[in-house]
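Below: a set of structures, written as structure tokens.
Below are two complexes that have chain A in common, paired first with chain B and then with chain C.
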Partner chain A sequence: MKRLFLLMLIGCFVVSGGLITLGQDTETVTITVRCRAKPPMEDWRGNNFILAAEGLNADLEAAGDPRRVEVVIIQDNIDWGPYVTEFVLSYGAGEEPDIWLTGHEYIGVQAEAGRIIALDELMKEFPGFNNVIDSLWESTSYKGEIWGVPQDAEARPLYFNKALLGELGWTANEIAALPNNIEKGEFTLNDMLTVAKEAVDEGVVADGNGFWMRPSNGPDFTALYYAFGGETIDVATGKLVFNEVAGLKYYQFFYDAAQIYGSMGGLGLGWGDAWHPGVSGSKVLFWVGGTWQWAEWAELFLKDLGGEAYMWETFGIALIPAAEQGGQPNSLTHPMAYLISSQCEDPDLALALIDKVTDYGPNTRHAIASTHLGILNGQTEYKFYKDSRLLSETLYMLDYTTFLPNNPYWGPYSTITYEALAAVVGDDFTPQEAVEFVVDGLQRELGDDVIIR
Partner chain B sequence: MRGQLAPYMFLSPTLILVTLFFFIPLVMVFILSFTKLDMTNFGILEWWKPVNWSLDNYVKIFTNRFLSRILGNTIMYVAVTLALFNVGMALVIALITTHIKRRTGFAFRTLWFLPRITPVVVYTMMWRALAGPAPMGLINKYFLVPLGIGGGEYLLHTHPWVFIFLVNGFIGASFGMILFASAIESIPKDYTIASKVDGATTWQTIRYVELPMIKWPLLFVTTYQTLSLLTSFEQIMLLTDGGPGLYQTEVWSLTAYHRALTSYFGNTQWGYGAAWSVVLVIIGIVMAVIYLRVFKFGELVEEPKIDQL
Partner chain C sequence: MLRPKVKPVLAYLVLIVPSSLIILGFLWLLITSFSTRVEGLQSLGWTLNNWRFLWESPFGPQYPSIWAVTLNTLVMSLIMTLIVVVVSSLTGYALSRMKFPGRKGFLSLTLILHAFPSVTLLIPIYFVLLQIAKIPLIGRDVPLLGGFGYNTIGGVALVMVAFQLPFGIWIMKGFFDNISWDMERSALIDGASRFKVWWQIIMPNIKPGIAALSIFSFLTAWNAYLIPLTFTAGRAGKSAVLSLYLQNFISESVMTEWNAVAAVGLFQLVPVVLFFLFTQEALLNIYGGGKKGGV
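Here is the complex of A and B:
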């Protein structure tokens, strides 16, 4: 009896000693993840990390690493400008997130300021990253190093309203052939404006609603500048470029669209109260949008009418047409990327978490819910990815895609070129005046950091 | 000694607060306006060193192609809102509600206070809902479309200024209304009774008795509301954000905000934005001095020459 009691006592000591040792040896590391995500479609951008943390903690335990990860997720749908300001100011105060999801074009400025770390060395220990499509790494590279892990991609296509084209007298076959004609360069941007004008003249759409772009500054406009032969970056020097000839054609297009062809009436509208209701409510014939908006319309605007089923009947998707007959149509991809703060104390753990979410399961969850394109090689063959019709039908657009440049001065460049565009649409500038305004503004703001051709 | 210190001790909390939250930020904004501090060089540029100061931001402002439009918008916004609502309508409401039954007048004034006590975002969003395109916009749905006026357009897109005046004016009117009403009510009844006895009409009583006696509140409201409108932008930002076209409804203070704190691609220019706000401060001071001269402020606050008691 005495022996048994002694054994039990020893057992208790061993167990409690072990627990104390275990308690002392594990160290909880908090990793803050900040994502911009439109609820509910894009919630997986952050929520995937909750599942990733469980997996990582199991890995750490198995490897005998005393650290355990606790993930704090902050995600909402604030505008990009305040979102970037928040990161920069919180970095200054030492309270920035460890993992920051943002558009790839912000990498240049943050890398220059030393707020994020280059990932090349750390990434060698995570072979899973080899699955990411090669061209996407270009968008997160700056000065020869990789600064971010691609999170998603998308196409920015031309949408058209099949029902309105039908009202205009187009046959079902003609409507069905439109994406193909655009891909072959047979249906150009000016052809599109001509049809838009017809629709306005015949009262199919209101004046101004023939063709819309997004209502405020953003990446989409650059795709049309590229379509007219514009360049944004000089490969040799990495400096920003503005082409005067292409710029003149680009501004002439928007001037004509607004002043002659009954289009561009969507500029300046609010997104939620007028722009989305306008395009999803069949008030606009042609518009350039993003594939992710498909999920927004289905979920937030057209659920009552049947969501996606109604949309497949009513809307068509094509590339952005070429500027000239036989030319190359295009689209623009603006990959999101996870960046790691240079003040993060455990960057290896942050990257390990990113590695976990950069996998077929988690990434496909996000791709399907938000109608973004996948980022992994062979993802189109993944069982659950294949089920999304939109993702399958727009995949070919990646062959025609373009990117924004990764340059610290892209912000001012974009603001100036957009102001000139808004001015030609509002009839404040002629196309020539717009080009002069851009050249003058860019030289004044950026000096030697921009090349005018 | 202790007796001499006591007043300063009582003043010190205010002094500390004003220094911390007004004077120091003002000096910082003034210094920032001479620098190129922005998102790209934050934490790198030593903006406090005079070697990094220049007048470039001010040159940029005064050579801006859209300066005249922004200035014109600002003058129009302040002048129209002030004349029609903040002083004009405020005076009309004050006069009407003081010439009807006291309790009814009080009830109407309380109603006019609703726009001011409603949170600005909620209040402005209500207006956005009113102005929305058909069939969502209430004005279109229940008034314009049934009457066959317009094609159900987005009213903030077709008539942005009308809504900016209304939204700001309905808030602004309540401030003057309260001051004018209390000033009118404090006019000794003897004066109005005497004017009635002399055969004055209501309009004549208002014009020759009441208005001259509320000159001081009129000056105060005009000056205060001019300065307030010059610096207010939140309603415009929430309604049109300076649009729908390029700078169509952009006022000076909104430009300062846009330059310093917003930009789609995050290229906020704190130095440049600060310069816009410094110019606004100077405009405000000049306006205040002009008002005080025109309304002869000195005479208004003089000791009365005849003891009215």
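Here is the complex of A and C:
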């Protein structure tokens, strides 16, 4: 009896010891993911990682890796300035997220500061990244290395109001042909201003509402600078570039738009209280916006009128017209990218998670909810992606897309060029004065880090 | 010469007109928070939807619950209030009652510190918090507070204390100045220690001052925005407070749901009103303690 009891006791010790050992064999690794996302449209930017963690843990278990991932998501719609400051300050305190989603143009600054890691070597173990559209890697490359994984892309098209064009006397066929005419370079930026002026003169829209750009500084303006032949980066040296001739044409366009063609009245307005209600409320004839705004208008501004169905009846989408007849229309993509902190203790796991969300299912969820464009080859053939009319009809715009440069000095460059633009729109500068202001400002702020051509 | 009955009517009129503007503002807030839309003070449809943040996160399950955020805010405000009141009372007493070298210089310095805009000190404070985070036991992983370093409730409270102390010290010194020396002298003659005099004789006589300082400190911490924004990570992070949480409803790039903002704003207001209700008696009695004209 005693022997039996002793054997049972030993058995219990062995089993419990084994269980304890098994328990200790797994090590939980917490990966913090920080995303900027407008709820509810862009929530999948972070929420996809919750599902990804389940898949990764299964992979780790199958591979006999003792690590298990626990994901912490911090996601809000904070403004860009505080968002970047937060990363910099929290990095200094060792409290930064392991995965940080941000605009690709911040890569240069963060790479130079050593806060993020280059991913080229790690990525070799994740062939899924080969599915990402090649041109998008260009936006996350800096000094010959890849520093981020594209999360989404978008087109910044020219929107036009079909109902207002109808009031101007355009036939349904003429309206339907407009995107094609723009793509062929037959309908130019100046043609657009002429129509805008006509709409103002005939009282179809109020003065200033013929054509709008975004109300504050941002990437959209760079697309128009490119349209006039402008360059922003010198490929050989990686330095920023400003072209005086293209710049003069660019500022002349905005000067004429505001002073002659009854346009650009949206500059300086508040986004939520005036700009969105203006364009979605059929008060503006032409405007440049983002494809992601389509979802915002449908969800937040036009739901009562029928959402997307109403929008397809009322709004049209085209590329940003060429500057000259026969020229190349364009668009601009500002991909968001997942970056990995250089203080992340398990960058392979962080990248494995990013690999999981960079797949057709997760990315399409985000694309549909937020009307951002897909980033994967063949995504248009993916069943759920092709069900979205907007995504399918705008994906061709990636063929015409342009990017912002990845350069640590893009911030001051962008600010100076925008200040000059606001001044010509406000009639404080002539186009020539604007160019001189930009050249002086860039040379003063950036010195040898900018090339004036 | 106005008749006796006309005088109070006039007085009430003078009070009612400006007060009604403020009351109308609060009334609008209340109606808006329970409405789908409003036109002036008229609701175009009643709803509880704006208050759903109380039982579910309006930004999805990954956002912290309003209750966790409220607890963060409460802990931060109480810690800050407690430290400010204790330190200000002790310092104010010493500055009021004792003569020591550098007393006037210290008073002037605190005033100068109070004049500094907080934004100019953000970066130096950040480096101080980085160092505090390295101190064992209090730097990190303190229950409820998180610690006293960067991205902790305790750290934010500590920074708020630093900004509030000059104001607190001057206020408390003023109250101590108004207490008669006679009371204190009698206690000292009877053999009481300085600390006992401060705690048992003087402090009960400056309750209105303590109440006033507590309210100001609590309100400052409860509504603080810039310091929590700078020294915590994310408006939806582990150390988020109510003022940051409210900002989630307001965005520069999408339409703001003002009805929800009104509801969260009212929610943020409730503890402040309660705090005021419990301390207003002491506040209204502000000159009721001690004797004036002491040496």
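Methods note: the second predicted complex is superposed on the first by the 438 of 453 C-alpha atoms of A that agree within 3 Å, B and C clash if a C-alpha of one lies under 4 Å from a C-alpha of the other, contacts with A are read in each partner's own complex, and residues count from 1 in each chain.
Operating definition for what follows: contacts are C-beta pairs under 8 Å (C-beta built on N, C-alpha and C of every residue); 3 or more make two chains touch, one makes a residue touch a chain.
Small disclaimer: the values here were computed from a predicted structure and weren't measured.
A.B. asks: After the overlay on chain A, what do you see for chain B versus chain C, clash or fit?
C.D. replies: clash
A.B. asks: Which partner does A:R34 contact after superposing on A: first (chain B), second (chain C), both, neither?
C.D. replies: Second partner only.
A.B. asks: In the superposed arrangement, does A:L248 touch chain B (first), chain C (second), both or neither?
C.D. replies: neither
A.B. asks: Name the contact category of A:D273: first (chain B only), second (chain C only), both, or neither.
C.D. replies: Touch partners of A:D273: chain B and chain C.
A.B. asks: Considering only touches as defined above, state whether A:E95 meets chain B (first), chain C (second), both or neither.
C.D. replies: Second partner only.
A.B. asks: If you stack the two complexes on chain A, which partner ends up touching A:D428: first (chain B), second (chain C), both, or neither?
C.D. replies: First partner only, chain B.
A.B. asks: If you stack the two complexes on chain A, which partner ends up touching A:I175: first (chain B), second (chain C), both, or neither?
C.D. replies: It touches nothing on chain B or chain C.
A.B. asks: Which partner, chain B or chain C, touches the larger number of chain A residues?
C.D. replies: B
A.B. asks: Would you sort A:G46 into first (chain B), second (chain C), both or neither based on which partner it touches?
C.D. replies: So A:G46 only meets chain C here.
A.B. asks: I'd like to know which partner A:D79 touches here: chain B for first, chain C for second, both or neither.
C.D. replies: both
A.B. asks: With the two complexes superposed on chain A, say which partner A:E296 touches: chain B (first), chain C (second), both, or neither.
C.D. replies: Once the two structures are laid over each other on A, A:E296 reaches chain C alone.
A.B. asks: Superposing the two structures on chain A, identify the stretch of chain B from 99-107, 135-143, 171-179 or 261-269 that clashes with chain C.
C.D. replies: The superposed arrangement places chain B into chain C at 99-107.
A.B. asks: What is the shared patch of chain A, the residues that chain B and chain C both contact?
C.D. replies: After superposing on chain A, chain A residues 79, 82, 85, 89, 92, 270, 273, 277 contact both chain B and chain C.
A.B. asks: Quick one: which bits of chain B touch chain A in the complex? Just the residue numbers, please.
C.D. replies: Contact set of chain B toward chain A: 39-44, 60, 65, 128-129, 132-133, 136, 151, 153-154, 156-157, 240, 243-246, 248, 261-268.
A.B. asks: Okay, in this complex, where on chain C does chain A touch?
C.D. replies: Chain C residues touching chain A: 58-60, 62-63, 126, 129-130, 133, 149-151, 229-231, 233-237, 247-248, 251-256.
A.B. asks: Show me the residue ranges of chain A that touch chain C in the complex, using the header's touch definition.
C.D. replies: Per the touch definition, chain A meets chain C at residues 34, 38-40, 43, 46-47, 50, 73-79, 82, 85-86, 89-90, 92-93, 95-97, 270-273, 276-277, 296, 300-301.
A.B. asks: If you look only at chain A, which of its residues touch chain B in the complex?
C.D. replies: Touching chain B: residues 79-85, 88-89, 91-92, 105-106, 109, 112-113, 115, 206, 216-218, 267-270, 273-274, 277-278, 408-412, 414-415, 418-419, 422-423, 425-426, 428, 437, 444 of chain A.
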